[in-house]
């Protein structure tokens, strides 16, 4: 999650930019950056007509940035993401059928799911949410499974015991990307329990990203869609 | 899991024996005892006409004990338990309908399930096994759920991500005792992952015992049956 | 701990509601919900005449909810629970003798004990507290043991070294549900030490719930009482 | 990794078999099974003309099984896998260009890489190995990067500090599945360090499977190829 | 636990020997030493008329050493200690009333208790064992508490949940040295759970030594007795 | 650390009070108590002429209590302890030579050292501090070692790598009680590293208390002095 | 990180001061000190004409100290360091070519890098920063590698998966000191993952300091430069 | 620790070999290699006249290799290293004064120290051992400190509480490389405690390598000597 625009002209020149190297636009990881830095980066991206996706920023920072940029930046409260999609990106995303499904075990997992969704959209794809289909009420998942089976890739978000990806993985053949969330308390250890559970899934071929890493799950799903460009 | 027969006659005399105190017969935890000690204990129990349940012993020890006692001790390979049930115990157990169901996620969890089953039987109750109903093939559980709902208490045994108790807990109203097993590898950490997952179950009122503790789960289930003596 | 009211009418229809599936009323886990969400949920429950139990909310949230609902919601400071019990529930609970005993090792464990108590009451049962009977002054427990032995199930709450369930488990035959609390400092690791100690209890058939999970312990105790409906 | 052949004829009937549910053939996890069980399973698969892939078995077990089956089972020493591919599977696999690349950081990671390769082949796809391209000699990777970029999905296997997926992830746009291995000593904690490092990769959209889980990585890669069946 | 006999004649000369520095005789930690080294050390000690205490050696090593030294070395199977006490040491130890009590929770803790006992004896003091007084049968401890209160210091040995020191600490005023043992399984983590529990004891002024460190507990008790030489 | 004054008159009557049972006065653990509770307890102690020692309270709480009690309560900022010693206690403590030495590795360990000192004094003994004698400047300890050797027991307080008790333990023969502190950062893990280091001390017979537990160390030292009452 | 100025004149006199003992000036670890203490120490250092380096203090503390000292103390926001270098130190540092290179993986690692840089400068040496050369964009490092190879020692700062030191270590022959940072989230465990990864580096001879310990890395680099004084 | 001999002739060609890149000869990490692989590698090295250093092999493997190569390979039992130094290497090493000192806390740390020593020698430098200078008998270190101060770099090897590097680091100005060893038991956690202690050393500028990593420490020391080639 780098924001560099260096023109490389040295001897090695493996590649010019991340877009060419690995197909992703520029993302901004907002967590460790000052408001000043975020304003500067946003201005620079705007001036170059680039899409904007800044993760992990609170509403106060968003308001401050908007007040300084007078722009049309949007903010998603649950995902804690600032974003602005260019017309081509919006059109690309809108023109297609959703290819990625995002499932959550509980309502508290929504922020992580939204971070994934916005990440997918800034890459020009579309995602659809299925909320609150956790395993303690298994009928909720089963009632929707036919629809869920139609996607090209699934992101499954769960905290606490992180069991949902195992059930889903046993019902579909597409890539299943599991995202542990820090939802829970006590021995949930801020998501460690869910993460370990997912890494030990008895369903074949489940893969896992870092705790609360909706952004990473979105990128991983996009990588799947980029296979046959 | 104490094996004492001390006659208490001091001043305090809270109680004479465990049977009276908490309703359980004498159990022998075989893991840290020598063959000699186990032979002595078995002789002592036989001479008093007591049931025998020695947990965590390998087959070699069993054979050695049998050769020295010329008795009708049985051995369960999967549970690694030596046992002998007196006629009253057998009759009490046989005369009733099974009240406790034991579910396992995979075949590898069978040893732990059998340890629980034998523990329940030596206490004069009956248990029924439901093998291989893990969450990655959720239809296997759902096909049997009506029968499973008829029990007074359920023991749910699972390794790896330990997800089965959450699904079961959302489908029944009786006590659900979850037993994590050391089945798995890598980040399963010999059952720690399953144990943590179970402690964080999103199903209400699931309780948990130590890793591979089929014996403890059996005792806990028996405690439930002893409520209305 | 789900708050859904979806009418299920799809093909699978395993069950209509949690009450039917596993006997529990609707509970609200307040920790990750906004005030707005909690107000909405409370209104919806009121309009349907349902009991209310919202766990893990602070007093400020309670006051805000009350001011918006003009209702008779109560709040328990120690348990940090908002609750309102309907007349039938109150009558059912009042009409019976307490069946569940709740023991705490120290005064600091009171909040967790109260969360368990209110959970039991909203399910229509009754519980009685025994405070401050920790093992470092063992006479305090022994003086009350005859009374404690009369309950159908016991919840034992303890932080620090979590030793109380082991002593209690050796003195009674009913189900013993151990609740580790985050009381302590340094190597108590916010309840992990107590939780591990309880999982390793040398008393037979002790079961354990998550750290500070008074709610879960209450549910588990209620499951025991629902055995012979 | 379930081996069931139960014909489901109950009321629910979500699906008939794993193949239909999630597209995978039957795999056998050999680690916790007895020789007898493995012989029985192998016979059953043979009789039905099914491909065979038994993971985590040592050479002695392989020899014993072969001696009892008089079959053409093969054994891969590094992967510790017994396998037999039917003619259709072999032809399907042979007829296509390799779509999955498998990279290893060191020679010691070869067993895990081979387990992934055989898993992919039994599913009818093809994989190509790139050994010993670890980051401490970065030129080895860079020299091959053009070829590596041509694959549809990459499995990256590394122990110790688990850094290779981060470098690879920054150079390609396809799915990157990272497999931590237990190679290392001391603070490598049998693969935990590599696993954590991979989960924290600074490259976008890397996903991770359990330690030494070449089988799971193979399945995950196959899921990617099954997207556009 | 150093075995040096270096004559110090440099400039600093803080002290000549451990005996003078901290009052202990020479001990040999056998675990990481070869048979040859242990034979050499034993010979050297014999030739100087010194007492011998070699901890953590198995019986085979003991037999080998005896066969090479033709001496009167003894071996304690449970403690896994080789020892020989000189006449003055034996007399000093025999002439006095036992001042240190050693309590164990279960029979499996006996080896650690014996290591402590022999350590105390080689220092010229006397210790008395109280076996199997664990907390799950609290009457066993209470029946002996009057006698236990007479000692100058207590060593309390326990595995599993490590609760015994807390109960004992609440009943006596002398130093209580808690020794966690690796007895247990699953989440006992080879003694870590017991160790953490003891460090969090709710009884005032309990101190703790390393897991299975009977030797260290013995030394700590001896330090208490050396206060008023 | 219990504050009870229950008159026991039941059947068991093991003992009347902690003072008789284990020789300590009443202590108040302030951390989990409300201001109201602390005021009530203080009043009750005053009215009975008892000494007061309330640990783990901040200055604001102290000021509030003083304003409500109009008493002569003192407060130690570093130790975060409220205390008041009766005339007999002060005289007992003053009349004797210090018997306990308290060493700290760095200035940041002073609060813990002071908590130990006040605990010792409320028990009627005397302690002397030796600050800043950490191992990275070993001459500071060596310069004072002759004086340090004169004490009956030593409390050694250290954070970070917790090495000081090992050096001290090799230079004295009296009891050495090691107190790990949460001083440090990163991999000091709030005192865990120091605690583990102390439990593994290569010096014989070092004992350890919980992290930052100056109170516990003080009690343990007092237990040593109470040996020959 | 000790601030003592004791004149040693006892018998042992190993050395007079740290400068003589190990070549470092006096440093102040600000984290656990009060403003008053920091003002006193600063005054004392000023009066003796000593350089000042106070680590881990926030801006508010800096402003308070400056207002009380009326001095020319500087403050580095990123490093959170207060410093003042005497003329000789400035001249020594300025007169030489930079010998130490400091590399960071990301912008968020800058504070730690600056702490290292200032530490090196107060010791009279010079350091040069190379920011944002993390492994997910490997060309950034490769473009600068020729320049990086000219330094006498390298400090490599990285959070998240901590992979940068491995790549750098494989490209240079000088000492490489790796500094894990707490940058990251979820399973980065505040730097533990990076620290473990660095300790397991597959590059030969990488050494590691504590998490975020830019100061320690600076000191270690200075030790390298002091080899041939 | 790579053993590659690939001739690089692609486009990137950062460097031809590790010797040029980072100055080290080829080392063989023997732990995960088969006898056949080790024989092949040894032959290849011999044929090219290269020095040989194979770490982590047991004596049986050594004997097998020697029997197949008929060579003059040596074996160090303690270090578990196979080695053969060419004449130029031997002469280079012999011709110079030892520049690196290796200190060990106890005799059990000798294997790790020897691994470091042989690593240094195969690089053409010389090292000198100082055994058994652990902190529990601090006079042993102090008696030798003048000699120890003469080295250009120090490797300090210690298990258990890992305190030695802190004391040494406070007495010298040269680079101090700390090596934690897995010597100890219980809460030493196979070297983790020592490793953490060393990372938290209160002495300035101590650096740390992986547990038991004598090889890595040797390389790190050699990097220090290569500063001014």
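Order of writing sets the labels: A, B, C, D, E, F, G and H. Residues in every chain begin at 1.
Note that a contact is a pair of C-beta atoms (placed from the backbone, for glycine too) under 8 Å apart; a residue touches a chain by one contact, two chains touch by 3 or more.
Here the structure is a predicted model, which is why all the values come from computation and not from measurement.
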Relative to chain B, which chain's C-alpha centre is the most remote?
G
How would you label the chain A and chain D contact, same or different, if same means the shared numbers make up over half of all numbers there?
same
Maximum distance between Cα centroids and chain D occurs for chain F
Please compute the C-alpha centroid of chain A, do the same for chain G, then give the distance between them in whole Å.
36
Whole-Å distance, chain A centre to chain B centre, using C-alpha means?
44
With chain centres defined as C-alpha means, what is the inter-centre distance between chain B and chain H in Å?
51
Counting only residues that touch at least 2 other chains, which ones in chain E make the list?
2, 12, 14-15, 18, 21, 106, 134, 136-138, 142, 169-171, 186-188, 192, 195, 199-200, 202-204, 210
Residue ranges of chain C in contact with chain A within the complex:
2, 4, 6, 8, 10-15, 18, 21, 31-33, 37, 56, 180, 182, 190-192, 195, 210-213
Chain A residues touching chain D - in the complex, by the definition given at the top
1-2, 14-15, 18, 21-24, 27, 142, 145, 152-153, 169-177, 195, 199-200, 202-210, 215-224, 226-228
Going by the contact rule set out above, which residues of chain A touch chain C in the complex?
106-108, 132, 134, 136-140, 142-143, 183, 185-188
Per the contact definition, I'd like the list of chain C residues that touch chain E in the complex.
105-106, 134-138, 142, 160-163, 166-167, 169-171, 184, 186-189, 192-194, 196-204
